[in-house]
Amino acid sequence: MTAPITGILTPHMVPLDGQGRIDEDELARLVDWLIGKRVHGLYPNGSTGEFLRFTVGERRRIVEITCQAAAGRVPVVAGAAEANVAETLAACEHCLDCGARAVAIVAPFYYRLPAESVYAYFAAIARDSPIDVTLYNIPLLASPIDVPTVARLAAEFPRIIGIKDSSGDIGQMIRLLAAVRPVRPEFAVLTGWEGALVPMILAGCDGGTHATSAVVPELTRAAFDAAKAGDLATAFALQHRITRVFDVVFGGAEFPEGFRVATGVRGFKMGPSRQPATAEQHAARARLADRVRRLLIEEGIEGIK
Amino acid sequence: MTAPITGILTPHMVPLDGQGRIDEDELARLVDWLIGKRVHGLYPNGSTGEFLRFTVGERRRIVEITCQAAAGRVPVVAGAAEANVAETLAACEHCLDCGARAVAIVAPFYYRLPAESVYAYFAAIARDSPIDVTLYNIPLLASPIDVPTVARLAAEFPRIIGIKDSSGDIGQMIRLLAAVRPVRPEFAVLTGWEGALVPMILAGCDGGTHATSAVVPELTRAAFDAAKAGDLATAFALQHRITRVFDVVFGGAEFPEGFRVATGVRGFKMGPSRQPATAEQHAARARLADRVRRLLIEEGIEGIK
Amino acid sequence: MTAPITGILTPHMVPLDGQGRIDEDELARLVDWLIGKRVHGLYPNGSTGEFLRFTVGERRRIVEITCQAAAGRVPVVAGAAEANVAETLAACEHCLDCGARAVAIVAPFYYRLPAESVYAYFAAIARDSPIDVTLYNIPLLASPIDVPTVARLAAEFPRIIGIKDSSGDIGQMIRLLAAVRPVRPEFAVLTGWEGALVPMILAGCDGGTHATSAVVPELTRAAFDAAKAGDLATAFALQHRITRVFDVVFGGAEFPEGFRVATGVRGFKMGPSRQPATAEQHAARARLADRVRRLLIEEGIEGIK
Amino acid sequence: MTAPITGILTPHMVPLDGQGRIDEDELARLVDWLIGKRVHGLYPNGSTGEFLRFTVGERRRIVEITCQAAAGRVPVVAGAAEANVAETLAACEHCLDCGARAVAIVAPFYYRLPAESVYAYFAAIARDSPIDVTLYNIPLLASPIDVPTVARLAAEFPRIIGIKDSSGDIGQMIRLLAAVRPVRPEFAVLTGWEGALVPMILAGCDGGTHATSAVVPELTRAAFDAAKAGDLATAFALQHRITRVFDVVFGGAEFPEGFRVATGVRGFKMGPSRQPATAEQHAARARLADRVRRLLIEEGIEGIK
C-alpha cells in the first residue's frame, strides 16, 4: 500500500479500562468512528497517543488494533520510536507486518542533541528500515530537526518520505518547503499545529496531523478541503472555530489530558490517565468536560448531548 | 489626515555621516526613494531604525525629516516611546505637529512587565495622547502585549487604532484577529515578520511593517498586492523570494546591521553604525554587502551594480 | 579617590514627589540613612534605580545628589549608560565631575548582541572614559557579557576595573574568577544576586550590589562580614533570612516595584512609580507593604512600626 | 541496608561491546575501580548512564551487575523510572531484590507537567514503593520539581528520603534546604551539578552525584572532604580543577558522549554509543580523548598514559 500521505491524519489517544489496560474494543470503535468522520489517515503512538506511557508490547498492540480496525480504508502512519536504533528497527518491522503505510519517528528526546546527531540517528534508521519513514519534529519536546537536516536526509534517503512538523512556525515551514521540494517534490510535509492549519495548507503543506482532529474531525476535514479548494473565507472561518476548540481543550488541562476529556465528550469511554492526578485535577477535568460539551453544542457539532 | 493604516509601512534606518551624525539629506532621499518604490507608508524610529541609539532630540529630528520628505504622499507612523509616560506624551505632541498619521509605542522593555502593567502603560498614554496610537508588540525584545490586553485596550480606547505584531506567530495572529475584529472592525493589524507576510495577509492582516521592505520594496509591495488579490501562486512565489533576501540580510549580521549594509547596496550612503564593531565584524559586513549585491542581481532587482 | 570596590554597594531607588518629580531631599535622606546602616557604597542609576525611566538630565541629577549626600564617606559607582557611546562618555565625564568612584555600564540591551559586539562596545567606552568603568552583566535583561569577553576586556583595558554579575549562576561565577583573577588580581567581582550572596563571597567575590541591601542593609552587611570572616554558620543563617525577605519583596510585585514598597516600609516617602499601575495593582502593593512590615518585625529589624 | 545517602554517588556510564551489548565484565570492573577511588556510592541508570537508551531488561541487568560488583561496600541508588507508575513500581521491586539502597526517579519527561501533576506522580510511587525513593530534579531535561512540591512530598511520604537536584541554581538550593530541613532533618539533598559542588556542600547539601566523579573521582572526593572540613581554600582550588575538567569533557561532545570518551581515557573499554554518530563526530571524539588525556596528565591524575 503506497497511498500518498496527505490530508488529516489523526493522532488518537488510547482508551483504557478501569484497571488502566488498553480497552481494545473501544480503541477499535474510536478508529472506526474517525474513519467514518472522514479523516484521511491515522497516527497511533504519537505524542497525543502517549506512546511514552505504554510498554513496548502495548505500543505494538496499539498498532495492531489500529491497523486492523482501519482495515485498509485509510493509511496508518505509526509511531515506532523505541529506546535505540536496533529496537526502533524492530518496531518498524512490526509496523510493516501490521500493514502500516509508514512509521513516524520522533527526533531523540530527553537529551537535547545537535543537528549532526539528529542526522546520524535518522540516517541509521533510514538505511535499514523495511518501511517508509516520516520524520517527526516537535522542538518543544524533542531535539529539533532543523531545515538543513531535513533537506540532507530527504536528499540522501528515499526511504524517508515525509515530515510532521509541530513547531507551528509558518516562516520556518516556508523555509522547509523551499529547501525540500526542489529535491523531493513528492516529500510529504504535514503540520502538527492545528492553530495554523489553514495557513500551512495555503503555504503548501500536504496536510496535518493534530489532536484536535480527534475532537472535531468534521471541522478539520472541512478546513482542509476548503483550503485546498482555495476558498479562503470558508477555510479561515473554520480555522477560527478549530482554534477556539483547541484553546479550550489544550488550555484546559496539561497536555494531552484535555484531549482525553474531549474524546470522552465525543462518546468514548477513555478511562483514567496513566499519569496520576490529584483530586483537584480530577475536578478540573470534570469542569473541562462540561465546558467542552457546551462549546461543541455551540459549534453545532452533531451528536453532543 | 486620517488615511487608513494599511499596506506596507517601511521601518527605514537612518543614514549617518562620517562623524556619526544624522545625514539629513540622505535620509530625505531614502524616504523619497521608498515612496517612489510604492511603499504605503513610513515607520521611523522603529527597532530597525535604532530608535534607542539616538537622543530625544535626534528622534524628533528623524520624524521631522521623514514627514517633510513624505510631504503627505503616504502616512507616517512614527515611533514615539520615550523614558516614561510624560516624555512619551511630549513626543506624541511633537509627532502630531510634524504631521504624522499616528505614533507607534513599543511595550515597556528592559524590565519584563506582566500584562496588567502593559495595559496600565498603554492606557495612561491613550488617555492623553493628542494623536492616534498603534501598539507595537515585539516579545523577543520587549514585554509581550498578549491578546486579551490588546482586546481590552481596543475596546476601551478609540485613540488606539492598531497594532504591529512582530511575534511571527500566525496562530497567535489568528487569535488576535478573532479577539479584536468583533469589537473594532477597523482596528489595523500589521505584521512585523516578513518571513510570514503572505500567510499573515491571507489570514486577515491589513499589512506589514518590516525591515526587508526597505531592501526590496518591489517584492514586498508585489507580495502584498498578490495576497490581497487572492493570487496565491504569485504571492507565495514572492514570499519565498522575500524570505531568501531576509535570511541573508538578517542572518548576515547582528540585527539591524544587515539592513544598514543592504540599504547601502540599494545605493544609499548609510555611514557607520553607532554600535561599535571590531575589525572582524567590519570585514564580515563587507562580505555581506557582496553577497547581498549578488543576491539582488539574481533576484532581478533593477539598478543593482 | 581610588577606594577599592568591595563590600555591599546599594542600588537604591529614587523617591518621587506627588507630581512624579525626583524628591531630592528624600533621596539625600535615603543615601544618608544607607550609609548610617553601614553599606560600603552606593550604586545609583542601576536596574533597581529605574535608570531607564528617567531623562538624561534626571539621571545626572540623581548622581549629583547621591554623591553630595555621600560626601566622600563611601564610594559611589554610578550607572552611566546612555543612548550610544558618545552620550555614555559624556555621562562618564559628568560622573567624574560629581566625584563618583567609577561608573557602571550595562551591556547593550533591547537588541540582543553577540559577544563580539559587546566587546566592541565596552572597548570603545574604555578607550576614552575619563573614569574607571565597571561592567554590568544582567543576561535576563541585557546582552550577556560572557566569561571570555570579560577576560578579554580585563586584559586589554586597565580602565575597566570590575564587573557586577547578576546572573546568579555560581558555576559561571567560578569560571569568571578563574579567567580574570590570574590576569587582573585586583579586578573587582561583585554579585548582583542576593539569593546567592554568601556562596558568592565564599567563592571569592569581592562583594555584592543588590536591591535587598536597601531594604535590610543590616542583614546584607552582617552576611558579608560573616562570610568574609569564614563564619559559615552565621553567614548561611543570614543568607536564609535575606532570601526570605528577597522572595517576599521581589515576588510581591513586578520588579522593581516591590523594592519601592519595601523602602517605603523602612520609612521613606517613595511616591508613585513612573510605570502606571491599575487599581488592582495598587491594592496588591498596599497588601505587600503590610506583609513586608510584618516580615521585618518578625526578623527583628529595628524601627519598623 | 539503611546507609545514609551522603557524599559523592557516581552516575557511571555503561561499557558496551563491539555489538553494542552491555559489556558486563567491564561494567563490574568500572564499579570496582570507582569504589577503589573512594566514591561514596553508585548511581546506575541516571542521565549520564543513558537509562533511556536501554531496554527494560537491560536496565535491570545494569542494576544487578552494579549491586553485585559493589557487594555492599557502598550504597547503590538506582534509577528506576519506567513508562508508567505500575512499571516503575515493578522496577522498584527489582532494585530492592538486587540490594539497592534506594531508587532514584526522574520527574516525568517529554511532556512538561505542572507541579500538581509532578506531585501526583511521585505520591503514587511513594505510596506503594517497597524501597526508599529519591526524587531527581533535572529541569533542563524533565518536568521541574519545584521547592513547594519537594516540601509537600517530604512532609507526606517518609518513603521519599532525598532529592538529587541538577538545576545548578544555588539560590534555589538554599530555598530547598530552608523548606525541607525543618520538616525532615535527615532528608538527603544531593547536587547534580559539579560546577557548583563546593558551594552546594558549604550551603548544606549532603553530597553530589555527577558525571565528572567517574572521570576524576580523586578530585571530587577530595573537594567534598575539604568542603565538609571547612577548608575553603583547598575546596575551592579543587572546585576550579573540577570545573576545568568538566568544561572540557561536557563541552567536548553532546552530553553524555564526552563522559564515555573520558571514562575511556581512565582505562575502560567503553565501546560505541548507541546514539549513532557521523564520521566528523567520531573524529571530534578522538581529538577530545587526546585533549582529556593531556588535561588529566596536567592535573596530575595518576595512571594516565
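Order of writing sets the labels: A, B, C and D. Residues in every chain begin at 1.
Operating definition for what follows: a residue touches a chain if its C-beta (ideal position, glycine included) is under 8 Å from a C-beta of that chain, and two chains touch if they have at least 3 such contacts.
These numbers come from a predicted model, not from an experiment.
**Q** Going only through chains that touch each other, how many steps at minimum separate chain A from chain C?
**A** Minimum step count, chain A to chain C: 2.
**Q** Can we say the copies chain A and chain D touch using the same residue numbers, with more than half in common, or are the two sides different?
**A** Because over half of the interface numbers appear in both copies, chain D and chain A meet with the same residues.
**Q** Would you kindly tell me how far, in whole Å, the mean C-alpha position of chain B lies from that of chain A?
**A** 37
**Q** Which integer distance in Å separates the CA centroid of chain B from that of chain D?
**A** Roughly 50 Å, centre to centre.
**Q** Quick check: what residues of chain B touch more than one other chain, meaning two or more?
**A** There are none in chain B.
**Q** Applying the document's contact rule, which stretches of chain C touch chain D when the two form their complex?
**A** Against chain D, the touching part of chain C is residues 168-171, 174-175, 178, 193, 195-196, 198-199, 202-204, 230, 232, 236, 239-240, 243-244, 247.
**Q** For chain C, which residues count as touching chain B in their complex?
**A** 20, 47, 52-56, 83-87, 108-114, 116-117, 119-121, 123-124, 140-142, 254-256, 274-278, 280-281
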